[in-house]
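The chains carry the letters A, B, C and D, assigned in the order they are written, with residues numbered from 1 in each.
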Amino acid sequence: MTLYIVRKLAFFLLAVFAASIAIFLLIRGAGGNVAAIILGKDATADAINALAQQYGLDRPMVVQYFDWIGNIFRGDLGRSFRTNEAVTDLVVSRLSISIPLCVSGLLLGLLIAIPAGTYSALNSDKPLGALITILSQVGIAVPVFWAGILLSLLFGVRLGWLPTGGWTNWSADFWGAVRSLVLPIISLGLILGASLTRYVRSAVLDVMNQDYVRTARATGMTRMEALLQVGLRNAALPIATVVGLQIAELIGGTVIIETVFSLPGLSRMILANVAAREVIVVQSTVMLIIIFVMFINLIVDLLYGVLDPRVRLAR
Amino acid sequence: MTLSTRDPILAMQGVTQSYGLQRTSLFAPPSSFKVLDSIDFDVCAGEAVGLVGESGAGKTTLTRILIGMERPQQGRLIFEGNDVWSATPAERERFRRSVQMVLQNPRSSLDPRMRIGTALLEPMRSLRIEGDHIKRLHEVLEQVGLDKSALERFPHEFSGGQLQRIAIARALMPNPRVLVADEPVSALDVSIQAQVLNLLRDLVRDLNLGLVFIAHDLSVVAYTTSRVSVIAAGRIVEVGQPVELFTRPTAAATRNLVDAVLTVEAGLEGKAL
Amino acid sequence: MTLAPAIEVHDLVVGYDALNAVRGVSFTLPRGGRMGLVGESGSGKSMTALALMGLSPTGWHAAGQVLHDGVDLITETDTSFSKRRGRTISMVFQDPMSSLNPVRRVGDQIADVIHRHSKVSRREAMKQALDLMVQMNMPRPEQLARSYPHQISGGQKQRIMIAMALACYPQLIIADEPTTALDVTVQKQVLRLLNAAARDRNTALLMITHDLPVIAAMCDTVAVMYAGRIVEHGPVQEVFRSPRHHYTRGLLDSQPTMDNIALDGSSRLGSIPGMVPPLHNLPTGCAFHPRCAAASEKCRAEMPELGANGAACWHPVKEKAE
Amino acid sequence: MSAIATNKPAKSRRRPRWLSNTALLLGIVISVAFLAIALLSAFYLPHNPNVPRIPDRLLPAGSPGYVLGTDVLGRDILSQLMVGARTSLLVGAGGALISLIIGTVAGLSAAAFGRIADETISRGADILLSIPGIVTALVLAATIGSGALTTVLALSAFFTPSFTRVIRSAAMSVLQEDFITAARLYGRPTWFILLRHILPNVAGVIIVQFTLFFAAGILTEAGLSYLGVGVTRPSISWGMMLNEAQQQVGISSPLAMWPGLAIVTVVLGLNLLGDGLRDVLDPRLSRRGA
């Protein structure tokens, strides 16, 4: 297990390193002169050079890279060119929206998917089982923003129960903030739940066809006991893997849903910076998101190790 | 018996093979494991020899070396008197044509997307063998007892026994001198096993083939071959005629294997267990 | 007072959609009796076993009558059947590699069975589990009990499986190819264990296998299955010494024996021509007729029933062929 | 013997048969209709979808000349939807096709060219997989600017690692078959085995995955265009139409319905087609059922 953890940690660091180089090269390589991008088409050569000097963009690439990555690990994401605000401060305040949204969306998705997927795996010939299969198939085809639009149409506009957008700060109006997040979370959770349902379903189907489940039943477990005591415990392994893979999708969904409901989260900030060509800010915040996803994947891998004795007790 | 004029076509001499093991911990030195230890093994024309042993005894590695898939770390693989791994390209080509193999699972050993006719011609094309391929196809099909109509069909249209015949036919296409059969009947039904065993015996006799028959079941090997080597923990522990091995096993591994054989007679007499 | 048989099967039919893998199988196995059910792949022997356990795969249906311990198992609900499985009727499966729960320690898996069916404490169940492991000739049971399945050998896993099957002193154990997946040299040891343990407990044994020598060694009676039906049924000594059905004859002739080993080219294994017919394309009449040398027009037209001679054949083998 | 005698339940029991058949049929009908409309839009449109006609603005569906009405600038909705279908087709299929090509080459290489190649490609794919597609799109939009081509690039970057993994694992299972060993034995080189044995046997998987990634591509493209970092005018995308509708007229407008419905229908159709094809083509499933 020690070796397993070491290996996974090493891979995490390697992955972060590789991804950071990729992002850095993509922005420097594909984008050409960063200072020129930031200043736009009409900038004079002098202004571009001045900016390049100010940001150290005229230094060798290797130096710039290590300077940038070093700062990220120190928690310094740089400053906005236009407003001169520290990006780190901006990010922190915006994470107070994005993280609850993202995590609750995932939890809701799992809360839907595990029972629904399990039920439809075991009762594919019953009407409800078939209905779940159909609904998840349809749900996968619904873009998350359209789900958001439809939900706010129903609960916001038609019924007037919940806000269709906007944000009050947690400290200013806690319940108001919660109310603002309900519809975004439901949209995110429903759509994520639809695709997770399929994975849970196939994991459960797969596990329930295994010989050891048959053994469990041959030694006196009912179908339900075999499912709960043996099946789900084993299905947890493939499901954990899939959840890890879905994190990247989830981030995409979060970005979109923040836009639908005009929530001033992290993604809105990135979008604004993309529009404003704040290349360096985009580079840093994007890297932050990638580190987050990779960290979650690391956690999932370690969890897998704990769940599976074949991994845990391996050399 | 042709034992007096022993002139092996294919032989392994003093072959030793070790594999590195995965480290047991981060700081442990890498260790290695001797899979084969000074193996001598050979087969002559018109002779069927057997190789038996439990799983993990080294049968697979021995087979891989015997057919030239793996290079021996120590010792030599000799074909028609030449060391295969230091032979001229022409000699190696001849080795590749002359030593063919039949694998355990017939359903897996034929590409499901390839017609039987194409599959049978594959060795000929790959080994660049000249001649009338169609004539050869018909010859070989007759040798294994299959109809010409098989050529246009796909593997899924055949039963396991028929597929094993097809796999044997493919191995015979390049007109080999040695046939290596790795557990050729263990994936087949009992009533089909005998068909394939009889076919192999006929081929040895009719084509003057050298047959190497690898299996875990001593009784099946004994029926098909005239000389059996017993392998255990990477060493050949005993060589002899099947009857001798059965009646007077000397090595412990042989005794285990003999003891493991169940027969209907012994069962009926209440002496089996 | 005579005890009811361990199991009594009447006209069992097991199928999937319109295809039947088992087409009317009947037999009776007395208490403490040993019966072998022999057949090749596709004969329906494994489906018979699963149907008796009420564990037919999803989508499969079983009909007929299976009397055991005073009830008809075919009509049992999952809940009440589950109180019997592992207690009065249990099963040993073919592949011990995949038949144990990979995420639970093997000792716990045995103890689970005991704990579930007898009202003893967990601690007591574990003690009995260790006892069972000792009876299964497993060295250092305490240490082994703490292992996960992937840490022990195939032979040890199958001993664990047998211990689980025996744990509650069942009336009947169904063993489906219990040694096929094991290394040759451990097969006999496992058979010996199963043999002795069943005898000690007076447990009836239904051996399901393609391996005639195993049946000869373990069983009193044998039923030979072909294409979903029993084609010959009788005491092992009679059936194997002088089979009446041509299929049984053919199976026996294709066994390598001491006689064939003397390789002088004269002795040859008998073999059955052709192949096992697929379920969806069974021959008319006697399903074996296309492969049978003695087949006549009648065999093509009418399906024979099991006769007084124990064989379902219109032209039974006359006498001992030897 | 063991492999043959094991009686695993038939995999075809994954869902009721009537549902599978209806689903495949529906998938075929929708996919064909979608392709037909996308192609038709290249030759015939009721109106120019980019020319504003202010007098005709916000006409309801069924208005004379405007089957589905007009938007806030008086542009014909139906024509925009038709062009949107073409965009979805080009961007979705383009992204799927590029990742198919790279993914197949990479996946086959990982499977066939030894441990170092496998580790490099597989770990590389793992790393790329944890970069959200939307992030790639944002970075590309920030540097080279948004547009249909950028979107195709972002989709390919996002899908290629998944495609690689699927092809790799399919190829791995084919590689374990004995006919590969046989081919090696009679001296076939690796490239030949890849082309002649592995590719035909994973072709089903490739087709199925292409269909599914095509659908995912349409969905992702819609999301990016909705955010304004995807397709831009004069190209038209369903996601972009939704964004405009929401910003300019508010979400209660029927304008927000049509593009959404179009996306759901087409993505559903392609997914159903892919799943149906999987039942028919994927040897890993069909072989077990035999």
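Quick note on the criterion: a residue touches a chain if its C-beta (ideal position, glycine included) is under 8 Å from a C-beta of that chain, and two chains touch if they have at least 3 such contacts.
Just so you know, these numbers come straight off a predicted model, no measurement behind them.
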Higher-contact pair (C-beta pairs counted), A-C versus B-C: B-C
Chain nearest the global centroid, as defined over all protein CA atoms shown: D
CA centroid of subunit A to CA centroid of subunit C, Å: 52
CA centroid of subunit B to CA centroid of subunit C, Å: 32
CA centroid of subunit B to CA centroid of subunit D, Å: 48
Inter-centroid spacing, subunit B versus subunit A (mean Cα positions, whole Å): 54
Multi-chain contact sites of subunit B, meaning residues that touch two or more partners: 160, 189
Overlap residues in subunit A, where contacts from two or more other chains coincide: 209
Sequence positions of subunit D contacting 2 or more other chains: 1, 4, 8-9, 13
Interfacial residue positions of subunit A with respect to subunit C in the complex: 209-212, 214-223, 225, 230, 233-234, 307-310, 313
Sites on subunit C touched by subunit B in the complex: 40-41, 183-185, 187-188, 191-192, 195, 210-218, 236-237, 240-241, 250-258, 260-263, 265, 268-273, 275-276
Subunit A contact footprint on subunit C (complex, rising order): 53, 55, 57, 78-79, 82-87, 90-91, 93, 95, 98-104, 112-113, 116-117, 148, 150-151, 161, 164-165
Residue ranges of subunit D touching subunit B (in the complex, touch as defined): 1, 3-4, 177-179, 181-188, 192, 197, 200-201, 283, 287, 290
Interface residues, subunit B side, partner subunit D - complex: 67, 69, 96, 100-101, 103-105, 108-114, 119, 122-123, 126-127, 156, 160, 167, 170, 174, 186-189
